[in-house]
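Quick heads-up: structures coming right below.
You will see chain A twice below: alongside chain B first, and alongside chain C after that.
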Partner chain A sequence: MYRKISKENLRKWLGELKARAAILAPAKERGLWSYREFGLQDFPLRFRNSRLPPKGLFLDPLRALFAWKSSGGSVQLTPLPPLNGQRILIGLKPCDARALRILEPIFTRDYPDVFFLDNLSRTLRLGQACSVLCTGSFCLEMGIDPQESADFDIFFREIPAGYLARVLTDQGRTFTEGDFFAEASAGEWDLARREMPEKKEKPLFRLERVPAGVAQSFPDKNFWERVSAKCINCGICTYLCPTCHCFDLGDLQMPGQGVRFRCWDSCAFPGFTKMAGHNPREEKWRRYRQRVSHKFNFFYQSFQSIACVGCGRCVVHCPVNLDLREVLVEVAR
Partner chain B sequence: MPETIKDELIALAAKLFREGKISHFLGYQKGTLKFQTTPLIALNPEDLQHLWLEDFFFFNLAFYLKEIKNKVGLLVKGCDSRSLLSLIKEGQVKREDLYVVGIPCPGQIDLRKVAEAIAGEREEIEEIWRQGNEVHVRVNDQEKRLPKALALLDKCLHCRYPKPLISDFLLPGEYAPPVPPATPETTQGLSRGRDELRPKPLPEKWAFWVDQFQHCLRCYACRNVCPACFCPRCIVEENMPQWVSPLPTAGDNFVFHLMRLMHVAGTCVSCGECQRVCPMEIPLMRLHDKMAEDLEELYNFVAGIDLDQPLPFRTFRQEDADDFIK
Partner chain C sequence: MSQLGPEKNIYQPHLVEIIKVIPETWDTKTFHIQFQDAAVQESFSFLSGQFGEYSVFGEGEATFCISSSPTRLDHLEFSVKRIGRVTHALHQLNQGDLIGFRGPYGNHFPLDKLKGKNLLFVGGGIGLAPLRSLIHNVLDNRLDYREITILYGARSPQDLCFKYDLETWSRNPTVKMITTVDVGDKDWKGQVGLVPNILEEVGPSADGAVAITCGPPIMIRYALRSMEKLGFTPSQVWTTLEMKMKCGLGKCGRCNIGPLYVCKDGPVFSLAEIQSFLSDEF
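Now for the complex of A and B:
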């Protein structure tokens, strides 16, 4: 279903939504783009993507799970209040929206994670088509279309008169009923498609070759040593990744009581796999191999999708310019 | 830099490899992004072909000496050479295991500052080049001229040691003269803003840092990139007992950063790598600069400029002040 809305009506519509939900929109704070509660009037200009991926709005960097008290040899657990309150996430990009889809089975299959699921169900996802390819990105190679996506409730494309909206879910439909929107056609939607100005003639690598390529390279110690030589073992690539989801648990405790927390963790840290008497990934090349193999091979084996959307955050923010794209080009040869 | 100089360096390093004087040569190579080089870790003379000596060689390659324990040749800027002196003094590397090649540094361009100066995004910068005393930038097909103060890393604006303090070979070229120590007049108008925070009352400074550190992700890039952070096991990873929680709470983040600041006092040479790599853009150098100034003022000590002067925080003298112990 397609709808359209003028810029003026968009402002009014957002104003009305604000009364019903917390609106999280891209805003620049301390020089960094992030999704914040913000008095948004329109989709922001010059916004390419947020520094931290929106995964943090679903899988918080730090989240209290439950509280406990102990007395007289028994322990009482207190669940924390459920996460509630409708949220509307605006300006989300197709890569990050796909990343949320990729994360879904991890937190639903085998063990439903209430925190992640509550966050998913209370958040309406409104997307915006990209107008440029981000520096360092390789979304096209990863099969993400910066101008089209089915991973939203409503997906917007800019037109001179305002925005066209592709409504993709029932919830999206409820939010676009009313007078602010007018009917639009599939033909109008197709006409509003913009080509990416920086699109390359040839993709950097063929995605279908990547999982097998990574699997084949697995035993090649020399290869992994060579490609990871520069790595400084920091957590930037994992923490800025929209699909990395490994976490750690920890307690903040006082005598007789405490709170158990979950926080992000990174396979780049030597301590990540450290256990009593042994660390299977003591060396850096093993950790880098794990990160690439998990995303492009193990995850693919388990969930039939690849845990990377080509957003380019790891490429741009790596302190030593260790570029994942170069590694993928090599393994996909 | 002229090709002949690069050829000269390649020939020199290749000779060192052949003679068995080095096992690694650390330099820079062309990066995969605009305005970016990347460290080159050459293991043989063939790898040296990738050497690239053009702009944006901001890395302090001394940080790889934490990992590569061997005979190493490496390129250093003036500031990086102070890290080497510091590491030698601390017994982390031996002078005779290093072959140090100095490179003239015109001051490194700070892309964050350039983006700020053009009131745009880093991605919008089309071209950057130097001309005379200015840095020129092309954005949206328009040329803008920026004074150095708005385009170079803050540390470069007051660099007192632009010429490497130790070296076995200095690449030919122009080594900039040292910048005289900062005075209120010379720091006026700088974006570094240390003076903007310093005269403020303590609660305001406290609030500033509480806000900054709540953004910390605990990715440890600042610690890992730091040549002075060479402990094989960092206290934040100790868990019996656990001194600092790995949970990124505002309080634990604060403790982590202040502890690191105190711990590298005297070995930190203000290379600024921690601030450069911080993905959340926390202005860590405001703390490290203040620490460096205090050490100089209180102990007449400057980190990484000699091998002899003892580290203030690791020296005990009978006459040391103790009136703060009640």
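Now for the complex of A and C:
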């Protein structure tokens, strides 16, 4: 189903929604884009993508899970409920929306994680088609279409008169029922498609070769030592990755009380797999190999999807310019 | 499998009370625990090989197998070697203290594949803990199994865990019990020698047998070679795999090896399974 809305009406529509839900939108602060409470300010221009992925809005970087109180030998546990309240996330990009889809089965299977799943279900996902390819990105290679996506409730394409909206879910439909929207056709939607100006003639690598290529390279110690040689184990690639989801559990202790929390962790850190007697990934190349193998091979075997969307954050923000794309090109040869 | 966790919060443990502490060696203790909530205690069940996440509130959570048998459900037992933060904290605790327990998690030893077989248990050090759950389990249903051989070793007589069990098993006429130490002392009357060497000396037949082993990685590596010499095929050998765990739920990502999460898909694997995914990391 397709709808359209003028820029003026969009503002009015969001103003009305603001009374019902928390609206999160891209905002630039001190030079960095992030998703923040939308104050009906001017609609963000030239937004490519946020520095931190929106995964933190779902898998909180730090989340208290339960609290305890202890006195005189007795202990009392209090569950800390997940956060609630409808949220509307606008301006989300197709890569990051796909990443949320990739994360979902991890937190659904076997033991449903209400902290993650409640955040998903309380958030209406409104996406916006990209007009340029981000620096360092390889979304096209990863099978993400910057101009089309089914990973949203509503997906918007900009047109001179405002926006065309592709409504993808029932929830999206209810939100677009008011007078602010007008009917639109599939033909209009197709006409609003833009080609990426920087699109390369040939993809960097062929995705279908990557999982097997990574698997074949796994025993090749020399290869992993070479590609990880300059890595400094800072973990920024995992921190900025929209699909990295490994976490730690820890305790915050105060006199007579405390909380158990969950926080992001990183397979780049040597302590990640350190056990009582030994550490299977003491050496850096093993940790880098694990990260690449988990994303492009193991995860694929478990969930039939690759845990990478080609957003390019890890490429651009790596302090030593370790370029994941070069590794993928090599394994997919 | 009973799925625990108060409310819907999978990270919140149940409160359990330490009802007994047994010092095993200079650095290892066994804890007997009971759920504070009688209804939970009543409905709790598990299978040999499964593990739990144990909390010392304020210090954190750590993973230990359940070392008691599901055939003896009035309380749970787990054994802890003092090494890191949580294990140090556990060693400070006494009878009556409260800790947290989440579980049971993971898969279990394949009892159906052990029935009617000769069983060979090969354990080293604290690695006897998960085997002990299974040994009690099969001894409590003794008629379902044929010959039972237990080979257990430790570095020295002082390092032997579960001495009370070793004694009971050695007195059991239906069990062939061999205890060995790497280095003996003047009072030691058992075998002296490394577990894999003693295993080859004892030379149990692989015919209609299943071997189950757990211990330090170096012992497992050489014990597996010895078993191969004795004619055991990879599908006749079972072990539990050790890997760093935090959540126990297949989410936190830490125990990932190949396409598996040891916490969810393991920790019990046949050697045949392990050979299909184990890499140079282990």
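We take it that the second predicted complex is superposed on the first by the 322 of 333 C-alpha atoms of A that agree within 3 Å, B and C clash if a C-alpha of one lies under 4 Å from a C-alpha of the other, contacts with A are read in each partner's own complex, and residues count from 1 in each chain.
In this section, contacts are C-beta pairs under 8 Å (C-beta built on N, C-alpha and C of every residue); 3 or more make two chains touch, one makes a residue touch a chain.
Note that the structure is predicted; figures quoted are calculated from it, not measured.
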Here chain A is shared; do chain B and chain C fit on it together or clash? fit
Rounded in steps of 10, the angle in degrees at the Cα centre of chain A between chain B and chain C is 90
Just checking: does A:G250 make contact with chain B only, chain C only, both, or neither of them? Give me first, second, both or neither. both
Looking at A:R325, would you say it contacts chain B, chain C, both, or neither? Reply first, second, both or neither. first
Once the shared chain is lined up, is A:F218 touching chain B (first), chain C (second), both, or neither of them? second
A:W68 contacts which: chain B (first), chain C (second), both, neither? second
When the two structures are overlaid on chain A, which partner does A:D113 contact: first (chain B), second (chain C), both, or neither? second
Classify the contacts of A:I23 with the two partner chains as first (chain B alone), second (chain C alone), both, or neither. neither
After superposition on the shared chain, which partner residues are touched by A:I232: those of chain B (first), chain C (second), both, or neither? first
A:V210 contacts which: chain B (first), chain C (second), both, neither? neither
Tell me which partner A:L10 touches in the superposition: chain B (first), chain C (second), both or neither. neither
Once both complexes sit on top of each other, what is the least C-alpha distance from chain B to chain C, rounded to whole angstrom? 6
Common interface residues of chain A with chain B and chain C? 248, 250
Seen from chain C, its contact residues with chain A in the complex are 3, 5-13, 15, 55, 57-61, 81, 83-84, 87, 96-98, 100, 216-217, 242-244, 246-247, 249-254, 256, 258-259, 264, 279-282
Where on chain B does chain A make contact in their complex? 31-34, 36-39, 41, 59, 63, 67, 112, 116, 120-124, 215, 217-221, 224-225, 237, 245-249, 273, 276-277, 279-281
Touching chain B in the complex: which residues of chain A? 30-32, 46, 48, 51-52, 61-62, 132, 134-136, 229-230, 232-236, 238-240, 248, 250, 252, 261, 263-264, 266, 269, 271, 284, 315-317, 319-323, 325-326
How about chain A: which of its residues touch chain C in the complex? 65-66, 68, 70, 73-75, 77, 79-80, 106-107, 109-114, 218-219, 221, 245-251, 253, 258, 260, 262, 265, 267, 272-278, 280-281, 286, 290, 294, 297-298, 301-302
